[in-house]
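Structures are listed in the sections that come next.
Shared between the two complexes below is chain A, which pairs with chain B and chain C, respectively.
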Partner chain A sequence: MLTNYFKTNGMVMGWGLLLLVFFWIVILIILPQIYMFNLSFHPHLPPPEMGGPKDFLTLENYRYLVFGADGNPDGYNKVDLLVFIRTLTAAAFVTILDLFLCYPIAYYLGQSTGGGFVRILVLLLIIPYWINEILRAFAFKIIFGDSGVINEFLMFFSVIDSPIDFIRANVALYAGLGYAYILLMIFPMYNVIESLDRNQIEAARDMGAPWWMIHKRIVIPYAKPGISSGCTMVFMLSAGALAAPQILGGPSSLWFTQLVYQWFNTGGNWPQASAYAIILLLACLVIVLSVMKLFKVNMGDIGK
Partner chain B sequence: MSSGVAVDLQDMWIKFGDFVAVRDANVHINGGDFFSFLGGSGCGKTTILRAVSGFLEPADGKILIGGNDMKGKGPNERPTALIFQNLALFPLMKVWENITFSMEVRGASAGERRKRADELLDMIALSDQGDKLPSELSGGQKQRVAIARALCAEPDVLLLDEPLSALDLGLRHHMRTELREIQKRVGITFIYITHDQGEALTMSDNVAVMRTAVIDQIGSGKSVYDDPSTSFVASFVGMNNMFRGKVKSISKGQALVETNRTGNLLARITTGATGKLAVGDDAMVFIRPEGLHIAEKSAKSNTRIKANVRHSEFEGTSYNVFLEGDAGKEMKMSLVNRGEARLYEPGAELTLQFDATQAVVVPAGELASE
Partner chain C sequence: MIKQPLYIRIGLALYLFMFFTYLIGPLILMSITAFNSASFPQITPWEVLTFEWFPKLFSDDRILRGLKYSLYVGFFTVILSVSMGLAGALMLTQIWPKLRSTYYTIIIAPILVPGVVIGISTLVFWAEINRILGFSADSYLQNGIFLSVLGQSTFIASYCMLVFVARLQRYDTGLTEAALDLGATHLQAFRRIQLPFLAPAMASSSVLAFLASFENYNTTIFTHQKFATLTIVLSQKVRYGIDPTISALAFIIVCLTVLGALIHEVRTRRVQLALANGAPVGAVTGGFKAPKFFAGNPAAVVLGLFVGAAVLIIGFAQVYDPAPAKQAYTDQKRAIQKKAIEAIQQKARDKVRERQMKGPKVFETKKGTGTGSPGKDSFGSVFKPNNLDEAAGTKKKKPVGVNPGKGAFGNIWKSDNLDKVAPKEKGN
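Moving on to the complex of A and B:
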């Protein structure tokens, strides 16, 4: 395999590519993570005292998420735990929303015989992503705001009397997040469904299968790798999103990443922030892996 | 054997936009027949089959199955089952689930399905393979699974789209016999598509020979071979020596043709060409390699051809002699091997003869490209 790799890329190019990948993975991903991981087991100290006599290994930062500060009358850190759980459920909700929204699109794109219309459709899906994330989030804020397009429209046709607070109800947030990751859901599914032999669908139709059964027995099992890789990405990214919750989130609903951000930035407490970030990462991994196990998806399938 | 369900195509046209894929097809298929559509690649065979199974609507004309007009009925509402050119087995379902998918659709219990699957697996001699995935089977086994899956739906008409084309030669010959036997056993109408004339001739009760978008002739394998209606059929089905020329005279169902390079040849006007030839018309005479013999003294001049041997090819039961006639006209003669001491040497000068009833003449027209 490796010899082939060097044959196709040449020695210089081959080593260059390997080094770049190595640099990317080790320097940009693994090392900072290890640093953070290590940091999360240390107390919050001013930089000169780090590694000094006052430094020691501790689980305090992790304990804090569950029990809060010492002498907390509640016994549990209710505020942060609630944010934590809400973030994960909301991310799961966004993922499911995207799945239901994108599966029909991916199916249509994948099974259509191509042609100009489909290419335009794909382009229409991609173009909005040329606009940066913050702008898109603000655009959603405008659309869903009190005097936004939707409220104005509904009131104009007298469907409602006073504007609905989409921001407080988190509708804007879900819509914004869902929209942000639509392509990540569509493309993996589209890729797989495109390679599904149309004759299989016709054979099932010939044997009398109704459309829902064709999806249940033939298309979905076949598209499973694409579905799981789409869901994994959307779930991980929504749970880890910061800009959209910051801009579109209701005043009373914090996203867990916002807590992390506060610890890093406002609080200046890097060990505590690291612990929170790592808990989020681990929770996401555990959820994704258990869901994959539940639906019998292999890790190898995801890369397809 | 007329218990099966008949299929009729009446004045049927199929178009893709402006492109005419099938032009005015008229076919009657007897119930219980093994009927083949034979034609080159791209001539519209699959298109016809898809129209019969309901995946395409004809632009014009009717499709009747068992006398009922199929217009507006989807594939699931027709008593047909289609076996696709690539089989289209479901790769993620076990063999037995594949076979009984049509029962699953109807809501049959797993026990019932398994029982039926085992019966069908017995029939196709794959008894213990039900729990495998299709990818674990050989080409011929997949083939049989596809047939069992189609039969499980208990169709009145089974449609097969070049089902043997993916198999290697030996297996293909074996599957011909097997398919024919299955058809006899279940007694339903088979409509079979192929570009392989050997398949069409050996298996079918009747054959429709297709040129691009049109059906040239319908008849038994023997009549298509011995009594071709058009120059296309004569050149497509089996090997043939062709001589171009003009009709000089016609009498008693035979025409004397003045050929361009081989002199005057007498040949029988085929059933399909009767009434379509007049004196002076461009015509084509076809003589099979096995219709040529070494001339006897009594042979008449208009059933005689002079030619030089170029080379011979020994095939065991027979041998082929490749010849060159006047003005470089190439011919092939096929002789039964009777243990002659030696084959004809290159350069040998021969006089050949043929029986005027075995030579056929049709109006000049399109030829099948090799």
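Moving on to the complex of A and C:
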């Protein structure tokens, strides 16, 4: 097997390729994840005591997420669990929001004949995506802040007397997150819809199908890989977002990644942070895989 | 396409307009705040047109240092992730078919793994390696740039791999075989045949990798250690106190992005047009002829306008002096404040008089905001309704003479904005 490989690639090239791929897959992808997984089952110890008698495998870090510290009167770690559930539901909400927002435009772009106007639209779509994540959140802070554009505007026309707290109501956060990942929702859908044969739609229309029936029976089934790919990306990225919740999140609503960040940086408790990170990763994977199963889409369609 | 009924076309136009307002509006608003002299990035109240935030931005040490680190990290990330992505893509066609889908899942997975997870795993893993090897805590394995490059390359290489896979699908392996038959070594065949074919993919994946690295936050926040990249510096600034230098930076970045996008669009369009007219590509990728350059290429027109506007703005900034306007604004504001204070003093006097007249029994006072004050009505919503009290309260601590009122009102509003960020950080 390998001799064949070296025959087609040559010694230098063959080893170069192998080395690079090995470095990427083993050293960068697999080993760090395994080590983090391992670390999450260890107690939090100062470096000299690592590997010592106090270092044993424990489920304590996972137990903490569910039940909280020892002697917790509530029985459950309500704060963290609530944050966890809220993060996932909010990410799902942002995903659905983006889906409804982007489907029409993806359909419009995909079915248009590609004139100059459409090219400009595509350009306008791409530009916000290359602006720094922090600056995008910053823009929404300017818009939704207490003395932000919307509040000032509404007060100028005396619609409201005192500023509405958009930040506390999480409006700013949802708008910012939805904004950040629009492109990742549009492009997979656009790519699929573009390849849809227009004659199919024409035929359906000739047969007298109303527009919603055309979408329900022809476009959406055809675009399913694109839709699920876009939803997966948006869901994973918004559940794993850190900057937008830090900047736009209300004082009372934390994002799960912020808990991870706090365990890591403020608390300095690496094993606990690892456990939380693993939980986040697993939860996202389980949700995405089960939704994909539900809609009968393959993993191979992602990333197209 | 069949002509749609009118209501659908109107609906579509409305939807497109709203959608692109949502998409572009925030960027425009943010850019505008860079030219307001208020010390907090805001559009209303508009104070005075100014360019002062740009020099301030360029003299900010932390931002400049952040930019330097970002460039270092970006440079090494591009090298590492493009080469790993290329190797990964080349391997995909050669690996045993049974393993192929597993292999593909593994190398595509980093895109879907949250950046936070990649950051933490990279940091804890290399800290452990460092400990096993017995290096000190500040060895190069714990260097922020080293860790950031590795952490970012983990997933950026996946993006690059996707770009290469798309290009390699059109590659004819017969070319390499022919070169080998003619006596080239494998390395020569790769360098002279396959690499030139992959050059466009190399270019676009390099740009992609650099931009992804430059704007990465989730991974870098864990791995940067002492080397805060530009994105990290920005995030700290945005979280712990905003000033319009960030808007100035945002404006510059928006302009650069638009410029880059336009140039790219103009070039692809030119090639397309030329091919449509039957000219060989080489004939149009060189040379520059003004009328031809703009013909049938709306992006080129926009690009021309854009560059013209940039030149005009820079020229205007050179001669523009905001000092007189600023002085006028300050005077105006001081007059408003004076009136407000007078109104409050008047009210207090009235109250005292009222109390004296009605006797000591009437004690409850209306908690109001001086509805009759001359200052409020005449300036409408420049104030928020309850601002007069706050303004007066601050003024007692800080006499007008000491602080000639630059952004006095802005500060009052800002104070509770900042508080809102702070407790969140402290509270947990």
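To be clear about the criterion, the second predicted complex is superposed on the first by the 278 of 304 C-alpha atoms of A that agree within 3 Å, B and C clash if a C-alpha of one lies under 4 Å from a C-alpha of the other, contacts with A are read in each partner's own complex, and residues count from 1 in each chain.
As a working rule, a residue touches a chain if its C-beta (ideal position, glycine included) is under 8 Å from a C-beta of that chain, and two chains touch if they have at least 3 such contacts.
Since we're looking at a predicted model, the values are computed, not measured.
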Message = I'd like to know which partner A:Thr266 touches here: chain B for first, chain C for second, both or neither.
response = second
Query = Taking the superposition as given, does A:Gly145 touch the first partner, chain B, the second, chain C, both, or neither?
reply = second
Task = With the two complexes superposed on chain A, say which partner A:Asn9 touches: chain B (first), chain C (second), both, or neither.
result = second
Ask   = First (chain B), second (chain C), both or neither: which does A:Glu202 touch?
value = both
Ask   = Looking at the overlay, does A:Pro221 come into contact with chain B only (first), chain C only (second), both, or neither?
value = first
Task = Tell me which partner A:Val291 touches in the superposition: chain B (first), chain C (second), both or neither.
result = neither
Inquiry  = After superposing on the shared chain, does chain C or chain B touch more chain A residues?
reply    = C
Inquiry  = For A:Gln111, using the defined touch cut-off, is the partner it touches chain B, chain C, both, or neither? Pick first, second, both or neither.
reply    = second
Partner chain in contact with A:Trp130 - chain B first, chain C second, else both or neither = second
Task = Starting from the residues of chain A touching chain B, keep only those that also touch chain C in the other complex, and list them.
result = 202, 205
Inquiry  = With touch defined as at the start, can you tell me which chain B residues reach chain A in the complex?
reply    = 53-55, 74-76, 80-82, 84-86, 88, 90-93, 101-102, 104-106, 149, 153
Ask   = Which of the residues in chain A end up touching chain C in this complex?
value = 1, 5, 8-14, 16-17, 20-21, 23-25, 28-33, 35-36, 39, 47, 50, 101, 104-105, 108, 111-113, 116, 119-121, 123-128, 130-143, 145-149, 152-153, 155-156, 158, 161-163, 167-168, 179, 182, 198, 202, 205, 211, 232-233, 236-237, 239-243, 246-247, 249-251, 254, 257-258, 260-262, 264, 266, 270, 273-274, 277-278, 280-281, 284, 288, 299-300, 302-303
Query = Which residues of chain A touch chain B in their complex?
reply = 197, 199-200, 202-210, 213, 217-218, 221-222
Request  = Could you please specify the touching residues of chain C with respect to chain A in the complex?
outcome  = 1-2, 8, 12, 15-16, 19-20, 22-24, 26-27, 29-30, 33, 40-45, 83-84, 87-88, 90-91, 94, 96, 101, 104-118, 120-122, 124-126, 128, 131, 150, 153-154, 157, 162, 185-187, 190, 211, 214-215, 217-218, 221-222, 231, 234-235, 238-239, 242, 246-247, 249-250, 253-254, 257-258, 260-262, 265, 269, 298-299, 302, 380-381, 384-386, 410, 413-414, 416-417, 420, 423-424, 427-428
